[in-house]
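Shared between the two complexes below is subunit A, which has subunit B as its partner in the first and subunit C in the second.
Our next item is the complex of A and B:
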């Protein structure tokens, strides 16, 4: 057991950002789907749009505050998710070995990864671009739709819907794999730490290049 | 498990200054360009609304008859044919009926 041999993977600021993201994005996704399919009466739909707006404001404040407080982490995140190498193509060729592991109970060789594997990088790119699109278009559609030409409002509406669908579908995969990688799940939701040995197996390049021993004060 | 129960952290200096500045520039452009576009679209739309409002006021200033009850043709219609405003005949000929088109529009 490596209880003492732990790496702080998700500091408190990241965990707080993630908690707020969960409690804002999940209601946004649910109310967004209700608004898209319109299954309820007019009064319920009005309530739904209010919840959607409040959750949207929370998400915007969460993103803005993390952007300002943890700007360096945002830059690090972007640097990681936008860096592409040959290993990413090899990773996608075997889909990280997950289908083989889940369906055939077979372990296939997977190229060494950094902090994020190639699938997480793709998710990160979608979260950043899609998140910015959702916040900008949502704000424009809610706050000043009458100040914009009808064609522009329609275009923003389409962009909002496409980005929301992409992120909601990605979220399902994210939740499934998040729970599947249970140590990482506990790290993100509880204490922020993962075992060194597991990190070395899952993200060898990250451990080799970016992990340092805790400086002694 | 307490916060101190770990031996390793991420190197906080992993990113170089050049990378930091490059990514900051890209983020700024990525956020600024749509904002500038939205602002220019909204300004152009407001300019159009202001121009239209100005022309409507100008039309009113230039018009000899500015209210419907001062229109001689309308007055003649009521006098010779429709009776008075909201009479049964006027309502039948001049008024429209409400049709709910919400479903057709959505």
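Our next item is the complex of A and C:
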């Protein structure tokens, strides 16, 4: 059902960034897992790392270009995900009410959230820090493993593995909840908008403080 | 391990280095350090080593960020069992580069010179001391004399004393086992250019089991020689079947009867020796300095500098100067061959006192053969080399940065300043 009152949650620049993120990070995660477990033949492993490198370059350019073109959005996103309040602790105490909703079909009181709920904020922090780590360590491991100090490269390798595992595991949760919250999923992949009613329920502080009604034509 | 290795003689260790497949990330870092392209496996796939191409230099081992390469030959427990055998005299042949590196394994600052402590720890372990600097001096006398003979043959047509054939110029040094194997497997036509002198390690083994047998009052077969080296390729060198001079001497000259034995029984790297000390609860850092009262611990400054790039050449120049001119050098330092430049060259003009003529000797020093050797070799092959004597050490900076040294977290790749490499295949 399509609500008449829609709110723009994901502008086009964010959606393009996200499309590119999807088509780069998903292959990176899959090929990364293959590279970690090494199950295939030599030529397949080589093909795997080539895909990994290409996807890594795409991810890097995606991140760099979004940072340059959508600098204000990046700053806004960071200020949102790095802001912590008492509500975040309360949200985590009930895990946003999702386990109760999914497993017990029960609704529990959830503290009011802004544009991003506490789980999304944590994911945002992880994506930002983990993404920066993955990009820089990945570049070093690809191009300079032989002419950086070996201890440094070993450390970069461990950081790359840890960040990749963290983001890949987080990605599984992100995809599941993204599809579960289908209106948000459609907003991110299609038109950028979510129904006003849903926004009011899921992100009341955002609606209350930041949303301005547009005059009707 | 490749069981159909084609470039080894019977008895030789077919490749001292292997790669642990479960640790290898396929990052290709090792390939940039391998002098022969012996590391196989595409980028992203687990790598392995082609033992026929491998020189056993261990540069992949000391530079791999993830510690995937390892040594296939480990004699630490064998040495300990020999030390526990009252019938055996264990002799440790200590290379010059070991004493400035082993301290790191015991928490001492990098570069600490611990000769006295090392002697003390060896004494405590029950190892007789044979300083390889002693035979480095022998080597340079042999190698220097051989060069003079080749040079006089080339310039003045001088014949060998006993009519023996005299090798061509340029003469290459022969104390680096990785370099010798490189010539044998990659450029066999250059074998006559290699000095015929054995390496200090092999001279030490032969001396220990001949003259040393009298010093220690033991038959040669009860003397167990261990090369203590900064180098993994020395393990390969010691296993070469031709290195049984002491056995041949004892059986043919002294008519002794025994089973064949090698001049050097086993080789421990600097890392191996540190492990041996730790197993025997010896803390080298806490050892008192000890000075052995034995001829085999006497040596000159020429022997001492052998482990550095240019060290053999500098020592050779000192010897050649004394022999050719008939005078001792007043300033023994020969600085043009020092430093970390990939190829260093110098010219020395000397007056040959025997022929009363001036001769100019062109010298070159090459280290890090993976990057620096090819242009020098190509000139020699083309017959256009300006050099008469060329020192080659496989490892960047020389033995001091050998594959058997303590593994530095800072690595050593900066020595060669290898360019970035965007791995793909």
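What we mean here is this: the second predicted complex is superposed on the first by the 210 of 217 C-alpha atoms of A that agree within 3 Å, B and C clash if a C-alpha of one lies under 4 Å from a C-alpha of the other, contacts with A are read in each partner's own complex, and residues count from 1 in each chain.
We adopt the following convention: a residue touches a chain if its C-beta (ideal position, glycine included) is under 8 Å from a C-beta of that chain, and two chains touch if they have at least 3 such contacts.
As the structure is a prediction and not an experimental result, all values here were calculated from the model.
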- Would subunit B and subunit C fit next to each other on subunit A once aligned, or clash? clash
- Report for A:46: first if it touches subunit B alone, second if subunit C alone, otherwise both or neither. second
- Partner chain(s) touched by A:5 [first = subunit B, second = subunit C, both, neither]: first
- Given the touch rule stated above, what does A:35 touch, subunit B (first), subunit C (second), both, or neither? second
- Pick one for A:175: touches subunit B only (first), subunit C only (second), both, or neither. neither
- So, A:147: does it touch subunit B (first), subunit C (second), both, or neither? both
- In the overlay, answer first, second, both or neither for which of subunit B and subunit C A:214 touches. first
- If you count the residues of subunit A that each partner touches, which comes out higher, subunit B or subunit C? B
- Given 99-107, 117-125, 153-161 or 189-197, which one is the stretch of subunit C whose C-alpha atoms run into subunit B? 189-197
- Item | On subunit A, positions contacted by subunit B and by subunit C | 144, 147-149, 152
- Item | subunit C contact footprint on subunit A (complex, rising order) | 35, 38, 41-43, 45-46, 48-50, 52-53, 141-154, 157
- Message: Show me the residue ranges of subunit C that touch subunit A in the complex, using the header's touch definition.
- Response: 25-33, 41-46, 62-67, 407-411, 413-414, 417-425
- Any idea which subunit A residues touch subunit B in the complex? 3-9, 12, 72, 74-76, 78-79, 115, 132, 136, 140, 144, 147-149, 152, 190-193, 196, 209-214
- Spell out the residues on subunit B that touch subunit A in their complex, using ranges where they run on. 1, 3, 5-12, 14-15, 19-20, 23-24, 26-27, 30-31, 34-35, 38, 41-42, 44-46
